[in-house]
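First chain written, first letter: the chains are A, B, C, D, E and F, and each begins at residue 1.
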Amino acid sequence: MKIALQINEGPYQHQAADSAIQFTKAALARGHEIYRVFFYHDGVNNATRLAIPPQDDRNITEQWIALQKEHNLDLVVCIAAAQRRGMIDEDEMKRQGKDANNIAEGFRISGLGQLIDAGIEADRLIVFGA
Amino acid sequence: MKIALQINEGPYQHQAADSAIQFTKAALARGHEIYRVFFYHDGVNNATRLAIPPQDDRNITEQWIALQKEHNLDLVVCIAAAQRRGMIDEDEMKRQGKDANNIAEGFRISGLGQLIDAGIEADRLIVFGA
Amino acid sequence: MTMLHTVNKSPFESKTFDTCLGLAKGGSTILLIEDGVYAATTGNSVADKIKNTSDINFCVLDADAQARGIEGKLAEGIKVIDYEGFVDLVAEHDTVQAWL
Amino acid sequence: MTMLHTVNKSPFESKTFDTCLGLAKGGSTILLIEDGVYAATTGNSVADKIKNTSDINFCVLDADAQARGIEGKLAEGIKVIDYEGFVDLVAEHDTVQAWL
Amino acid sequence: MSKKFMYINRKAPYGTIYALESLEVVLIGAAFDQDVSLAFIGDGVYQLTKGQNTKGIGQKSFSPVYMALGDYDVNKIYVEKESLEERGLTLDDLQHLVWEDEDEDYAEKDSIRLVSRSELSDVLDDQDVVLSF
Amino acid sequence: MSKKFMYINRKAPYGTIYALESLEVVLIGAAFDQDVSLAFIGDGVYQLTKGQNTKGIGQKSFSPVYMALGDYDVNKIYVEKESLEERGLTLDDLQHLVWEDEDEDYAEKDSIRLVSRSELSDVLDDQDVVLSF
């Protein structure tokens, strides 16, 4: 079955970001396809490559990157939400005249249409948030 | 009177970030001193210089920067909270071996002791959060 | 000592307002801000709680009430203040407790 | 159609659980996750609400119950499932509604 | 094949960004030619109230956008009766949202459907995709 | 001059980060030689419960840190009785937090003070600085 996820909250602040990862791992283990993970609202903050969590703690972004590599996940960061919150990739950086970017490899920035598309194409859409 | 603020939430997601700015402006207008603004939890996300909010919307970080310049405010970003969330300045970038930084000019990264110090030295401490 | 309490959650979705009311001492002030301003409206069960608490001063932040279009529906006895009034309340009370 | 409802807020601080209970149809499933798992504990007013709702299946996520140390205090009739069980519930029901 | 999309709005406006950013999805989603409904439950009903003036809080008001939903063919807007009552509100406190029915010579019709909890429960049960904010 | 610092904890652990990051301030703050108290109200009482095992959720458990508070001279821990009762909990469900009293030959004493809402109200009223999480 094709399952899509929407994540509304940033890493560490709310457990929603953790639950989404645990759910994704279990869905893959059960043989389902993860059609897309859409990061919306503060959820876009999961995509930063600049975080340095305590060494004895989990690294949420690294977990997504590992899952992405292993299962070729489509990790989409909402562009409108990302712009408000200072999450940008190299293309956006150049286009907007900013001097740095912070999106980790494995995530792509795209529009809200990708969320609607996930709703249409996936068999199930599940939202994690606060 | 010396007033210190603690801000627990990021910009745009919760109104707390806006309320803190409006309160700060009003406190300055009433002749009080803002002893320190301490950004904690997701509040550290207020300090990014990479955000590009919609043109017809407010820019929360720019508002802090303007207030900082005009009133020489002490804007402190909690280092532990910032590290978890990918908010880093140039020094931290070098120290941690990261390839970019995102903290806006006018903010400084420091430890939780700065919050306790604010509690001790300021006449009032007020918390904005969710 | 006197305490200023701020409440920024809607009383219809969160228990925060009730918790604040339960712990606020007589003579203290409760300031409703952000989504907390809905507690200041009439015609619902929260209005009765405020009405029955005569020894606490209730204030509502004007800008937040206007943003939500409720300035014409405020219960009696609730004082409307602006951000500078908020600052004055902070200065006038000994401590500030934010019920987040 | 059958619906899976998820609740991730504590029923003691938020009205979310009540809202979900009010709108969930008979035959649907309510899965308690994150801080929502406290609704599955005994000896409080929430337990009675669950007890009196016989036509809805209640589940609680094991990892979240264990994290909060409540696995020994779960009310009767609440099914304990792991993350893979969560996935199975998603697959078995036609839609998923997250009560955030 | 068209799917039934339901956007569930349960948060008050301005205190958090969910109401605004949900509205952004609804507008984008309208281009996808699906069957779209919106539900306003709990504090979500406050999103539709009249007279919102955000000048003092420094945020942009998105209240006028709800009036435009009809132009995007978003015209099934369910408001839970019990949520209104609990807050001391009536339908008169909400904006009058309308749409023009092409099939009936562009007759103006109400978009808001006041439903009881039990009726709304049936509507929810009939959806294919539920987006929650 | 020493000030009275009160940390108010009202959120359950793990669901949000407030409990953990508040604990980090308390530990840092302990070095500042102020008069420190902690209050656990509402869902905050869940922070102190026994038997927390976070292995399954991938988060680190900070439950053991509460046991160490006594070593940092943080030994005024107020728990609201009504909050416990509402949740079907008793003092036995909480960790047994203790501290050693130097002035009484390091006698072990309880850190948790079970107080009624009305007593807690008086304690709050007596503080100079209140940090809320």
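Going forward, contacts are C-beta pairs under 8 Å (C-beta built on N, C-alpha and C of every residue); 3 or more make two chains touch, one makes a residue touch a chain.
Treat the numbers as computed from the prediction; the structure is a model and nothing was measured.
Engineer: Both subunit E and subunit F are touched by which chains?
Structural biologist: A, B, C, D
Engineer: Just tell me the minimum hop count from subunit D to subunit E, counting one hop per pair of touching chains.
Structural biologist: So the least number of steps between the two chains is 1.
Engineer: Report the chain whose CA-based centre is farthest from the CA-based centre of subunit C.
Structural biologist: Taking each chain's C-alpha mean as its centre, the farthest from subunit C is A.
Engineer: Please indicate which chain is farthest from subunit F, where distance is taken between mean Cα coordinates of the chains.
Structural biologist: E
Engineer: Going by the touch criterion at the top, tell me which pair is linked by more C-beta contacts: B-E or A-D.
Structural biologist: The comparison resolves to A-D.
Engineer: On a C-alpha centroid basis, what's the spacing between subunit A and subunit F, in Å?
Structural biologist: 35
Engineer: Averaging over Cα atoms per chain, report the distance between subunit A and subunit E in Å.
Structural biologist: Spacing between the chain centres: roughly 27 Å.
Engineer: I'd like to verify one number: the distance from the centre of subunit C to the centre of subunit D, where each centre is the average of its C-alpha atoms, in whole angstrom.
Structural biologist: Averaging C-alpha atoms per chain gives centres 33 Å apart.
Engineer: Do you know which subunit E residues sit against two or more other chains?
Structural biologist: Residues 10, 14-17, 42, 57, 59, 129-130, 132-133 of subunit E touch two or more partner chains.
Engineer: Find every residue in subunit B that makes contact with two or more other chains and list them.
Structural biologist: Touching at least two other chains: 8, 12-13, 15, 19, 22, 41, 57, 80, 125, 127, 129-130.
Engineer: Got the subunit C residues that touch at least 2 other chains?
Structural biologist: 8, 12-13, 15, 34-35, 63, 82, 95-96, 98, 100
Engineer: Go ahead and list every pair of chains that touch.
Structural biologist: Chains touch in the following pairs: A-B, A-D, A-E, A-F, B-C, B-E, B-F, C-D, C-E, C-F, D-E, D-F.
Engineer: Residues of subunit B touching subunit E in their complex?
Structural biologist: 12-15, 18-19, 21-22, 56-58, 130
Engineer: Please name which positions on subunit E make contact with subunit C in the complex.
Structural biologist: 10, 12-16, 42-43, 46, 49-57, 59, 61, 63, 86-89
Engineer: Using the touch definition up top, name the residues of subunit A that touch subunit B in the complex.
Structural biologist: Result: residues 10-13, 41-42, 45, 48-54, 57, 61, 80, 83-88, 93, 96, 98, 100-102 of subunit A touch subunit B.
Engineer: How about subunit B: which of its residues touch subunit C in the complex?
Structural biologist: Residues 1, 3, 8, 15-16, 19, 22-23, 25-27, 29-30, 32, 124-130 of subunit B touch subunit C in their complex.
Engineer: Would you tell me which residues of subunit E are touching subunit B in their complex?
Structural biologist: Per the stated touch rule, the residues are 14-17, 57-60.
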